[in-house]
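Have a look at this one.
The first chain written gets the first letter, and so on, giving A, B, C and D; residue counts start at 1 in each chain.
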Amino acid sequence: MLRSTALSDARNDDPRLPRPRVEALDAILGQPLRVLDDGYVRVVDYLGDDSAVVQAARVSYGAGTKKVHEDRGLIRYLLRHHHTTPFEMCEIKLHVRVPMDTWRQWIRHRTANVNEYSTRYSLAIDAAQRTPPDQWRRQSASNRQGSAGLLPRDVGEGLSRAEAEVQDAATAAYKARIEAGVAREQARKDLPLATYTEAYWKVDLHNLLHFLRLRQDLHAQAEIRAYADAIGEQIVSQWVPLVWEAYLDYTRGGLSLTRLDAEVVGALLSGGPARAVETATALGLLKRNAEGQFLRNRERDELEEKLRQLGAAVPWE
Amino acid sequence: MLRSTALSDARNDDPRLPRPRVEALDAILGQPLRVLDDGYVRVVDYLGDDSAVVQAARVSYGAGTKKVHEDRGLIRYLLRHHHTTPFEMCEIKLHVRVPMDTWRQWIRHRTANVNEYSTRYSLAIDAAQRTPPDQWRRQSASNRQGSAGLLPRDVGEGLSRAEAEVQDAATAAYKARIEAGVAREQARKDLPLATYTEAYWKVDLHNLLHFLRLRQDLHAQAEIRAYADAIGEQIVSQWVPLVWEAYLDYTRGGLSLTRLDAEVVGALLSGGPARAVETATALGLLKRNAEGQFLRNRERDELEEKLRQLGAAVPWE
Amino acid sequence: MLRSTALSDARNDDPRLPRPRVEALDAILGQPLRVLDDGYVRVVDYLGDDSAVVQAARVSYGAGTKKVHEDRGLIRYLLRHHHTTPFEMCEIKLHVRVPMDTWRQWIRHRTANVNEYSTRYSLAIDAAQRTPPDQWRRQSASNRQGSAGLLPRDVGEGLSRAEAEVQDAATAAYKARIEAGVAREQARKDLPLATYTEAYWKVDLHNLLHFLRLRQDLHAQAEIRAYADAIGEQIVSQWVPLVWEAYLDYTRGGLSLTRLDAEVVGALLSGGPARAVETATALGLLKRNAEGQFLRNRERDELEEKLRQLGAAVPWE
Amino acid sequence: MLRSTALSDARNDDPRLPRPRVEALDAILGQPLRVLDDGYVRVVDYLGDDSAVVQAARVSYGAGTKKVHEDRGLIRYLLRHHHTTPFEMCEIKLHVRVPMDTWRQWIRHRTANVNEYSTRYSLAIDAAQRTPPDQWRRQSASNRQGSAGLLPRDVGEGLSRAEAEVQDAATAAYKARIEAGVAREQARKDLPLATYTEAYWKVDLHNLLHFLRLRQDLHAQAEIRAYADAIGEQIVSQWVPLVWEAYLDYTRGGLSLTRLDAEVVGALLSGGPARAVETATALGLLKRNAEGQFLRNRERDELEEKLRQLGAAVPWE
């Protein structure tokens, strides 16, 4: 039982040292990283670094653990085992410029601090996201909430012209209202969703990684994914490189097997394709119609996708 | 020291009784209460009532307190003294239909559960809020983020016509994109901010009262105030009438004096107008320019407003 | 584009119907489910059921989706893909009686509403958790924060006697302080951590499942695991049986492969044991010391454990 | 309407400048500020300062507002009007050492990040808070959850001796369990609530001020008040002096009048004591029993207290 305080034993920081700085992040501090046609993300300030995660974990573990784990191993262990609180000990503040339509998705992440540019108080930003003729995405047939491929450029040219017209008309209506003396809070009501807004966004590292996991995902909408990629690859990778490596290995590069998936993979490993088919059938993943064709089954589709990721042949094909 | 459990002594609910129901709220369950031109709020479900607040407070206070406070007095005491956790023991789920521009403000209240209609997955709702010719609000000169009075009807008529045009153009562009095969998630990008959306919104009573305090305030934008008024006056007042009465008496009907305000009011009470002027001067609230006119001072303006609310003459006028 | 409101198309609830009830849960409403020697959990109230999850998901998806998914499939899809917000649409309120030491862990789940029995206001509950002679757990050698097996009964008898003495001494000191007129808030200061407390705990279903995932885990401490098991198996399974089934299949029964794990499993599937050893070596998972023995490596240990769960032989053994 | 970005106009920070530092806070960085007999608070790191609050507010207000408000006035305006989000833009990380009993109250503030010393993983800290003979507080008769005055020193001497005995017995039992091989997670179960623990606690400035408002309050328990006072007066006052001044003037030094209070104060101001008695009677604040004595009424008691704070005589006395 310790008589001395845990403080004196456990801390690995010298109180006289300055606050931790990350040179690679300081190098881009305040610089707008461009995203989309007129958006950006820039780092305003931050608190903590890789070693702050370690330091917090070690308060939990008390004295004497310094030698057991080295930092990289400890960070990897924490992330692998969902010990999330040490990652909350780092905080970052960004200044973002983003279309309101994207911001609508962004703001759904509730565990963050936000100050948004006020179009009640000030005139709206005179810029809305524009789409180049070759960037109009086709509605996905298989995924109702996604896109798949691009429309032909000639179709896109018409769409981009019409986009400019509708945006210009909305801008003109806005300006006419302002000139007529309409309150800014009301004048803005018909601005396009794609109008740019700006905000300070402050978030801890755990919640930022959660944001990245959802918004760098292939199912996320392209616009917010562009922001998430910029934040992940240009900012987080510089700020906390050990955490970022672990995130890539576990959170992003990982593969989640359901109980059913695991049984089929296990059968494949221990008994080969025939056993896997048997197991999948018993689990209800393989159902055929009267003609012997497989019925559509989303769980099976997803399992097949995972088998492909593992580099294995789908045993029932 | 209790040998028996706190449970057996403290509970005032019979475990065999059904869950509490509030008849007045059941009477409007599922019914859309109309707000704005095409919006509504309706109650989907709820948990708890006035007595659930009392019940929770009494677990904190343990056995033997039943006789000391009756329910109304206890609820009033709790609200007056910011004992907020018992109010978190009630929960309500609403289905709302609201312009996205208003929803942008609504969603800033982070301590709530939300499921919003997805315009990635489904076609956008074909309705945007429209403004009658006599409802265009004039920009306030004194309050940069507010409105003051209405524009003349003839000006409004032009504005309403232009509003219809810009909304129709945006709708046409949206439909053309959908017909061209553009993904819904991208097609929506230039819809007006005033386009209606729908959502389930679930919140506990403490956070709902906080929402109402901010959004029924005279400085809140008229649109969200209309929703807050409907929720407060038609729903909360029926659901938890004792809490609502206390909220009106303390949170909404109350008056907050700063340290400086309190000193001036105290001087007025004990020494009359002359002493109040003296005190206000000493506190730096009354400053004059070379011509002897009061310099603009927001703290003094607010104090004057509070004195008027108290029915007292402003001593330096 | 919908002209009619999403409401009229999308809702699958009749507004005149009463709020959803779950008979199996109503049957145990208010009944204490015993946990540990003197604790319990009981359901006080709830909001929503399996179909409320579906209903919320369908507002997101709008009209016309009713036929595509049936409820069970939709719930499974939502849970598998971490679409968590529909699960937040259900809420439950429990009354728990639990040792303070366990409550210390419980309360770390921040997204919940809490009213705890106040030992400032009332006398402390005169009961602390006692340990039977055959329930003293041995410190784990491999897992510094865990236990492994039980101590012999004869050792346990001594420990249980000493436990009774130290608890009785603490109780006596508490009573003596109260009799001397010491304030309750101060008198309690040396009560054992194992003293029982009571609380109302209200939480939404998403956060409850997260609590269960962490607290039913084999690494969770036995005491809180007992509560989590009671809540999961006796309450949640009755309340939302479809959600519970999906939770067992995906969240609890699932297997998470890191990027490194997935590469080794993939190598095993496509190239057999030799290829798997090669891959694991290239990834740095297999390191040997000068004597050719494997160096301790936690990531490898965990991969071996996962291979065993899949029913596969460890290729390097 | 701005063509240029709000960024280039609105920012008042030069991106090449280093992150803001606060010299007065840097001077105490890492230094334990002693609280109670063996506790402390020390600043580990921080993000932002007074000007970060201003900067965030100005993003909301856009370009051109720099000259209108100077920093102090803007901060005071924000705090007075409950514009809380700019205060969330500052963050501080503390390392605290505190009795578990006090920590139980502290941790109820949910909007914060926490890493606590683990007594599952490590041996418990061998120190519990001890009470000097002259520091035993008497139970308050009027306030069931408070204390009032101190017990005589000779009574205190007996209590302090008994405290040492019960703590020593608990320590001995803990050590005996550890020596017998009991798991640390179980061995700790009968440690006194007053045993010291340590934690990192990270919180934004808005939530920190809320913590201080509740925990520096005279109704807060003396132990947590000692920590809150240290944090407020030694840390926050140095970190963000303008915010601290505004907090003292508005949040802490303010006076909250209920609707009923305001009517009585208004009557007193405009009509003198007789009118005030009339108004209070009409509002139900003054009720007498058959003998003409005032009935106990907590709302009236509180109003009387406020009148005294205003320096006014109670009109019905």
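Some notes on this structure:
Operating definition for what follows: a contact is a pair of C-beta atoms (placed from the backbone, for glycine too) under 8 Å apart; a residue touches a chain by one contact, two chains touch by 3 or more.
In this text the structure is predicted, and so the values were computed from the model without any measurement.
Of all chains, the one whose mean C-alpha position sits at the greatest distance from that of chain A is D. Our note on geometry: chain A versus chain C, Cα centroid distance of 26 Å, whole angstroms. Averaged C-alpha coordinates give centres for chain A and chain D that are 35 Å from one another.
Centre-to-centre, using mean CA coordinates, chain A is 32 Å away from chain B. In chain B, the residues touching two or more other chains are 61, 114, 118, 121-122, 144, 178. Taken pairwise by the contact criterion, the protein chains are fully connected, each one touching every other.
Chain contact summary for the complex, chain D toward chain C: residues 99-101, 104, 107-108, 110-111, 114, 118, 120-122, 128-129, 131, 136-140, 144-148, 151, 155, 158-159, 162-163, 165-167, 169-170, 173, 176-178, 180-186, 188-195, 221-222.
Interface residues of chain C, counted against chain B in their complex, comprise 1-3, 5-7, 10-11, 13-20, 26, 29-32, 38, 40, 42, 44-48, 52, 55-57, 59-64, 85-86, 88-89, 91, 93, 95, 97, 113-118, 121-127, 171, 174-175, 178, 196, 198-200, 202, 204.
Per the touch definition, chain D reaches chain B in the complex via residues 61, 73, 76-77, 80, 82, 144, 214, 248-250, 253-262, 265-270, 298-299, 302, 309-312.
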